[in-house]
Every structure is written in C-alpha cells, then in structure tokens.
Amino acid sequence: MREAIAAHVHDGDTVAIEGFTHLIGFAAAHEIIRQGRRDLTLCRLTPDLVFDQMIAAGCARKLVFSWAGNPGVGSLHAFRRAIEGRGAEALEIEEYSHFGMVARFSAGAARLPFWPLRSFMGTDLPRVNDRIRTVACPYTGEPIATVPALEPDVAILHAQRADAEGNTQVWGLLGVQKEAAFAARRVIVVVEELVDTAVVRADPNRTLIPGTIVSAVVVEPWGAHPSFAQGYYDRDNDFYVGWEEISRDEGALRAWLDEYVHGVADRAAYVAKHPGLVERLSARPLVCAGVSYGY
Amino acid sequence: MREAIAAHVHDGDTVAIEGFTHLIGFAAAHEIIRQGRRDLTLCRLTPDLVFDQMIAAGCARKLVFSWAGNPGVGSLHAFRRAIEGRGAEALEIEEYSHFGMVARFSAGAARLPFWPLRSFMGTDLPRVNDRIRTVACPYTGEPIATVPALEPDVAILHAQRADAEGNTQVWGLLGVQKEAAFAARRVIVVVEELVDTAVVRADPNRTLIPGTIVSAVVVEPWGAHPSFAQGYYDRDNDFYVGWEEISRDEGALRAWLDEYVHGVADRAAYVAKHPGLVERLSARPLVCAGVSYGY
Amino acid sequence: MAVAAARELRDGEVVFVGIGLPNLACNLARATHAPRLVLVYESGAVGAVPERLPVSIGDPALVAGSLMVCGMADVFQLFLQGGRIDVGFLGGAQVDRWGNINTTVIGPYDDPRVRLPGSGGATEIAIHARRTLIVSRLSRRAFPERVDFVTSPGQRVGGTDRRALGMPGAGPVKVITDRCILEAGPGGEMRLAALFPGADVADVRAAVGWPLAVREPLRETEPPTAEELRILREVLDPKGLHL
Amino acid sequence: MAVAAARELRDGEVVFVGIGLPNLACNLARATHAPRLVLVYESGAVGAVPERLPVSIGDPALVAGSLMVCGMADVFQLFLQGGRIDVGFLGGAQVDRWGNINTTVIGPYDDPRVRLPGSGGATEIAIHARRTLIVSRLSRRAFPERVDFVTSPGQRVGGTDRRALGMPGAGPVKVITDRCILEAGPGGEMRLAALFPGADVADVRAAVGWPLAVREPLRETEPPTAEELRILREVLDPKGLHL
C-alpha cells in the first residue's frame, strides 16, 4: 500500500475513492493521510467518514460530492466545520445529486465531454453550480440537463478479489466502481484477497474491472473497515455511530487520527488496535451455487 | 409461447429480438411466423438467420440494424434479395453501426430522447440516415454525434433461467439484452429453465432483467437453436453454414420454412425434427465456484 | 407516521426506499396488505427482503436474498429516469407550501447557518417517481412558506407548475406528519386532508408557515391496529429506533 | 498474411479482434512473441483464450476461461470510445487510397449492385483504436482509388485529415495484403512499404486503383518461419479454413 500510494497519488491530484456504502477504501485513505498528501480534490458520491477523516487531516482542497452525511447516523462534522466556517480551513465544494455524480463518472469512463440526464429542473443546484448545464435534444428540441465528464488522476477501488494483473471481481453492491475506474488516468485496486487468474477465468461475468486499466494491486484484508465487504465482513455500525461523538470535537478527532492513522504503520496494525473486531464482524458463509460455462 | 406472442406481438409493431450471437430468440421468431404477423419493424444489431427467416416469411416491413451477415459464413440472402430488389418485396432499412444501435437502445432504456457518442465523422452513414445527428457539447463546443432513442413495442429476450415473475439471470455474452428490455414497452422473456425464486435470490448479481418489467415468461428449452446458450448447448455451426445454400434459393427457403416452422406445432416438435441435435450440441458441464453473500 | 405511510402503498407497487421511517413503512406494508411490494434501494438492491432492519441504505442484509443487484447507473438511468418506480419516499429539514424540499442548507448557500447533507438521490426521486410521499415531523421550522434551497422540486417551483418544467412524475401527492396528512390540492398547494386521532386544526395551522387550507370533508385517520403496532414494535423495530 | 499481421502486434497490447484471419494472427502472435496480448472481442469477451478456433465472434469458447465478459455498451463506450484499445483489425470489400473502407454497398446505396453486411463494430474500431491494421487480399476490385461508400474512415476522407474530423485514433497505419504491405505515408496516402518474397512492384501497382508510391527503401518481408507455419497449420487452423 505504501508504495502504491507513493507512486500514484500526488499533492494536488484529483482523487476518487469510490464504493457506495460497500467496499469503501479506508485503508488507502489512511495511507494517504500518513503520507501527508495535500491540496487533493476529493471525489465521492458520499464523502462518508473516509473523506471526513481526510478533511480533518488537511488533505483536501476541494470536495466533489452529492450526499455528505454519516449514513443512518447524522452529520460529518469535520466537513461541516469546514463549510460552516467554524475555525477549520475553508473547503471548496462542487455539489451534484447522486445521479449527477454517476453521470459525471459515466462521461469520464466513456471519454465523452458531457453526459445527458433528465434532472435539476426546478432545483437550486444549477444556480450554485454552473457546471450543470443543458443541451437541446436534436430530435425533440427539449432541453436536457448535462454534467461534465469527471476524469480523476487516480481512482482507488476496494474489491473482494483480484489476480496479480488486476483483473478484479466484485459482488454485492457495485456502486459506481466500474465507471470510476474507467474514468481515471490511474487505478489502484485494493482487495481482500489475491487469487490465481484461474479463479477469475472460471467466472468471467463477475469481473468488474479488467487488469488492462489497473496500475497497482494492493492486498489489504479488512481494508474497507468500518464499511463492509460482502462475504468477508459486516458493516461496523457501532463505529459509524461512535464517529458522531469523535468528529463533533476537533480535539477528539485529532486524537483519533493520531492513534488509529498516524499511530499505526499499516492496516494490520490498525486491525490489531481493534480487539475483537474480527470476531465481531467476520461474515458467516452464505455461498451461492455456481453456474456452468460449458458448451 | 403461443399465448405470449398472441398477446404481446401485433401487426405493425416494432419488435426487438436481441441476443448477440448468444441466446437468439429463434423459437419466438418462429411462433411469430406461424401466427402470420405482418408489417413488423424488426430491430437487431445483427439480423442474423432469425430475421432472414422472418423477412423470407413476409413478417417484416422495415429493418433497423447494424450488421446483416451470416456470422463466419457469408450473406443473408433473403435480406439481400429484398434490398437488391431481386424479386422479393422491398424492405425499408434504417442502418447504424453496432455502437449506434447500442446507443439507441441505451437511450430508450434510460427514457432519454437521444444518446451521445463519438462516431460517424467522415463516414457516409449520416448521409443515408438523417436520424444520425450531432449536438454541440455545452462545455467544449465540439460536435458530438447522436442517435435517437429506440423504444420497441415489444422486446423478446432469450435467457438461461428466470423465475415465474420474470426475474431473469444471464451469464456468458450479455449483448444489449438489458438495454433492449428496459427500452421496450412490453418484454417477453424466453428461458431454457424456469427456476424457483430462491435460486435467483441466492445470487442476485446474476440477475439481468427484473421481473417488474417483464410481461410474460415462456419456458422453451433449445429455444435459441441454432445459436447457443452458455452452459446448455453449443452453437450449431453446421446449421449456419448450411443456411448459405438454403437461403440462396427462394424455393428452398420456402420449403425449409414450410417444414421446420409452419410444419411444426412448437419448439419440442422442431427439436424432434432434428435427430441427434441434443446429443450433438448439449454442453458438457463446466461449473464455476459460487461466492459468499454472507455478512 | 409509519402506519399512515404504509397504508399509502398498494400491493405490487415498486417503491424507492430510503432508510429509517420509509423503510419501516414499506416493511410494515409488506407484512400486512402489500406482500408483493418490490423495494428498490438507491444502493442497487432490488426486491430486498432484509432479515434485520437495515441501518444504512447500503446494508449487506439488503443484498443477500434480494432479487437483483445492479450498479447505480442502472438505478438512476433505468429504474428512476426510466419511469420504473411507482412510489418514492422523501423527507427533509424543510418542506414548503408547494411540497418543495430542502436537504442542502439552512441560510445562504455560500455561508450556511447549517450545512445539511445535500441531495443524494432525492432530486431524481422527486422528479421521476410516479408519485412521492413526503414524511416529516410537523413543526414551524420544518414547514416554512418557502424553503431556503430547493433540493427536491415539489408541485410548483417559483410559481411554475412541475409539468411545465418537464418533470415526468406526479410529484409529492401527500405529506405525512406526526399529527396529520397534507395533500396536494388542485393548484399544487399542500392542504390539510386528514388529522390523526387527538390532533386539531388550530395546532396544525400554527405549525405551518402558510395559511393552511383545509379539505372538506376533513378525514380523521384510523388509529393503528393492534396488529400494525405489534409488527412494528415486536418484529420490525424492537429497539424503537424509529418509533 | 496471418504471419505478417501477427508480426505487427507487440506483447502486452490490447487488441480488438475480428473473426477469421485477424483472430488467427492474434493467436499466432500469442503463441510466438506476444504471450501477453489481450484479445477483446466485440461480443464482450475480454482476454479470451479459446480452446478451438472460434467460428463466430460470439463463440462459447471465447467466453469460457476469458478474463471478463461485459455487455456491448461497455465494449463500445468503455473500451473503444474510452481509448482502451491499442490495435484494431479491419477488412472489407473495398479499401481505397487513403485507407477508407467500404463494407456497406457496391453501387449506389439506394439501389445497390451488391449489398454487403454493413458496419458492425468497424466504424468505431476505425475511429477509436489507437491504430488499425487492414487485412485484405490484393485485387483491382478491392483497391479502388475511392470506395463507393465510406463505412470506416481512413487517413483522409473527402480531402480532410482524420484528426481535423475529430477522430481520436491514428487510423490505418498498414494494409496487409497477400502480396505486400502498404503503409500510410506522411500525407496519409497508402504507399508500398514491403513486398512478400516473390511479389514484384509492377504486379502490385497493377492491382491497385491509384498511382502507387513506393517507399524507399522498399523492404522485403522475412518469409514465415518453420515454427510460425507449424503453429498455423497444426495448432491454430488444422482444417485450413483461413490459409
């Protein structure tokens, strides 16, 4: 992980760490914090705790997003402090709806300069974000909303498994992982498990990201905690709930970063600092039947 | 099948029968021929033998397509006779590239009036098809090609398996089956196997088409012959090769339709008329491992 | 509120579900009069039958045993924009006279008094679902005459009807609160349609930032049945997270 | 031709493959100097390692054991338009002076003498692949000064350079025939770059519909090695379908 982040994430980069509630790349984010990256433009539909931590750590210059809350719990307080101008250094924001962000990644992945969608009419979003525009349909003449392509310098995606070439398989919630990967100039895939290429080839319909577009593969079990990895471990809801109190207080948040991010060398050490984590969250097996690719 | 076609396919309808080389809905096409539907606008990327047969049977008024050949063999002669004006009743055509057709289905599925793509510049296709147009990108100003949405009255899709509600699972080549299904007003799913909903729920990432958009489910083993169904049976290459000679001659083609389409009551009878078919083409099992959905 | 919301759902409908109370309402409806309700979550789980009350819209329990899991591009392009969603649930910090919702900021956007999470999927749910139901506790602060920021458009925005603005869905037909149900009148204005047992018109009027019209006849809602309460308290939300 | 085409491929490249000779060339390259070649088929199979010579681009043998199978929207939007394809193979009934290809009609479009299959994926391969290789047997009929219909644009169309028309890929860099190899010159015109053993300039000129320029020095290609021929004849195409 250390090498992958050092090689592919630079100060000032536009960085997408995707994974919608599922497979959020916390391990990679923590390594970025440890390496002291600055002036990043952070892109995610849901900044979630992962970007709240990076904002608190001072990595972010700008945030591109569509829903900035603590899912099922409440606020992202580091984010709010930065926006509500209470002491924290100001944070530039560029805001869309979820569909708007999905469309931005879709355009980037398809190397189109824009993506059309029926949205935003009647809302105040175009008023505060002039990158939301419209085109006239060449057939009906009606105005259709557009968003510009998002092409991150680097996309970091967590997944269940990949082979050494980066052929990556994901199941359960897929979010916009595929679109973010194809939209980015460089792709870091972080996996729970490294598997032989034969495992990938045995079920090619499960492959979400081809190795041909992957820059680095990092094996990092529990790398998505406190989010979840279907088939590997459950969401750590206690952690999300607990974040409310930690993040409310700048000092407590700094102390948390010192202990759990700066204070550990890597993910293994982070897991070791959470006694009972593995026992508490490890998934019980629920294996589906395979299908036949025979002919 | 008889009831599904009678209920959902009417004279004058726009009909998409999709499945790219894989899972082509021949059984449904033959039932449409038997029921004598007329003036259909037939939509497929690759008309293939399935539309060559429907054209020869007089079902088609218009063809919307992107590659009209006998894959790996040569020409579609009923199609060519209709276009080259050799005796056959004339056929109206609307022609795109594969990407253009994929984009038309994508727009229809997303209920957008158009879809943007970087294509057609420098080609003669826009000259002969005025539905291929351009829009100016609202960010860069550059012209981007567009195609209009395709929203068939009915889409007919062959698949490996579905439950009684029409929750449909497909693996192997996916073509544009999902886009065609969501683009259509009515959807007929024809499957090799009807399975319990529990089978679908055990591996939800395999579901390509949700039952909520399906109008009818038909169980028709071998319904895609002479194309193939991954995990069930192989492509009948001898049939594709043999079609060259049958289709070259109008009389031979009519005789073939009389014997193998009009001359049989249903798919079971069709299969029975091909001795050794099952032995020759049945797939050897090649089952992949399952994945865990546990948490 | 959960009971009133559940009763708005018809069997067989496809519902776009958020977490919390809407989730509770949908599962109550499934357990009572609408067993064939299909729940679609913006995370991509379709036809989920969660074993436990999901804490987030992205909960592994929503995935295991669902009918389909698809990417979010499909959720928004094929299901929502594609017109495949019958009912959408919405909530928010502010709901105004025309059913416009604000989940973005209190105060000016560039210098907000309170920064809220933002749209998420709400903007497109409000625009594309065939009809939407707004669920929100009644209070003067939550029901201003005009929202500070329109995140999710209602029946009229800036004096223009939603159809004239090109929105496919019918928009918010009802607002379900903890004391009453408002519904969109002919002109799109939210008016009082039904009172919960024990609530009265004056209190409701006092909690709303516009001169609230009252539909005649004004209904009184049926109180929750013992069965509805049992399912809510014993099965769906034993911890009382949302009740 | 298969040998000459195979030699144009570099190890590790991502190749968009058609059926027939290109497929043969790619598998020959994989068996010799380019084991890490990644084959992408328009049917959606990525990284296929077919056990048998596929008869169609949609052959179950291309799916089983491939690295990834995706829908065609991904093939065209993410791989081709996304700029993820290094080399594309093209062929056609007519190839002209500028590498424009016709696979649509011979004669007028509305009343064709011969109706050909049409574009398929060729138009976008020609526009988006980083470079393309055209494979076609040499004959006066197949190499006119100007194609009857531009299905797949080459280096110049109607006098305008492909870059000026907004095409991302470099277009056809070489045309591999059964007697020689043409390559795109500085102005984009196809000129003679190499002769196969035994072929001569006069014959080639006679088979081409424009005054064919000759690159100096004119190369002579290395004849196929015994190993290349063995792999083609014994392993890849024992039935001689494409040789």
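The first chain written gets the first letter, and so on, giving A, B, C and D; residue counts start at 1 in each chain.
Following the convention adopted for this analysis, a residue touches a chain if its C-beta (ideal position, glycine included) is under 8 Å from a C-beta of that chain, and two chains touch if they have at least 3 such contacts.
It should be emphasised that the depicted structure is a prediction, and the values quoted were computed from it without experimental measurement.
Participant: Tell me which has more C-beta contacts between its two chains, B-C or B-D.
Facilitator: B-D
Participant: Counting only Cα atoms for the centres, state how far chain A is from chain B in Å.
Facilitator: 37
Participant: List the centre-to-centre spacing of chain B and chain C in whole Å, with centres computed as mean CA coordinates.
Facilitator: Those two chain centres are 40 Å apart.
Participant: Could you give the separation in Å between the centres of chain C and chain D, each centre being the mean of its C-alpha atoms?
Facilitator: Taking the average C-alpha coordinate of chain C and of chain D, the gap between them is 56 Å.
Participant: Approximately how many whole Å separate the CA-defined centres of chain B and chain D?
Facilitator: 28
Participant: Give me the residues of chain A that touch two or more other chains.
Facilitator: Chain A, residues with two or more chain partners: 111-112, 117-118, 142, 171-172, 174, 178, 202, 205, 228, 230, 234-235, 283, 286, 293-295.
Participant: What positions in chain D touch 2 or more of the other chains?
Facilitator: In chain D, the residues touching two or more other chains are 45, 60, 63-64, 69-70, 77, 81, 168.
Participant: Name the shape of the chain contact graph, picking from line, ring, star, complete and other.
Facilitator: other
Participant: Let me know each pair of chains that touch one another.
Facilitator: So, checking each combination of chains, I get A-B, A-C, A-D, B-C, B-D as the touching pairs.
Participant: Give every residue of chain B touching chain D within the complex, in rising order.
Facilitator: 20-22, 45-46, 65-69, 71-72, 75, 79-80, 83-85, 95-100, 102-103, 106, 117-125, 128, 142-143, 171-179, 228, 230, 234-235, 237, 240, 283, 286
Participant: With touch defined as at the start, can you tell me which chain D residues reach chain B in the complex?
Facilitator: My answer: residues 19-20, 42-45, 55-60, 63-64, 69-73, 76-77, 80-81, 104, 109-124, 127-128, 149-153, 157-158, 160, 162, 165-168.
Participant: Going by the contact rule at the top, pick out the chain B residues touching chain C in the complex.
Facilitator: 109-112, 167, 178, 182, 197, 200-202, 204-205, 207, 210-213, 293-295
Participant: Using the touch rule from the top, collect the residues of chain B that touch chain A in their complex.
Facilitator: Residue positions touching the partner: 111-118, 131, 133-140, 142, 144, 146, 148, 160, 171-172, 174, 199, 202-203, 205-206, 228, 230-235, 283-295.
Participant: Give the list of chain D residues in touch with chain A in this complex.
Facilitator: For this pair, the touching residues of chain D are 14, 38, 45-47, 49, 60-61, 63-70, 74, 77-78, 81-84, 168.
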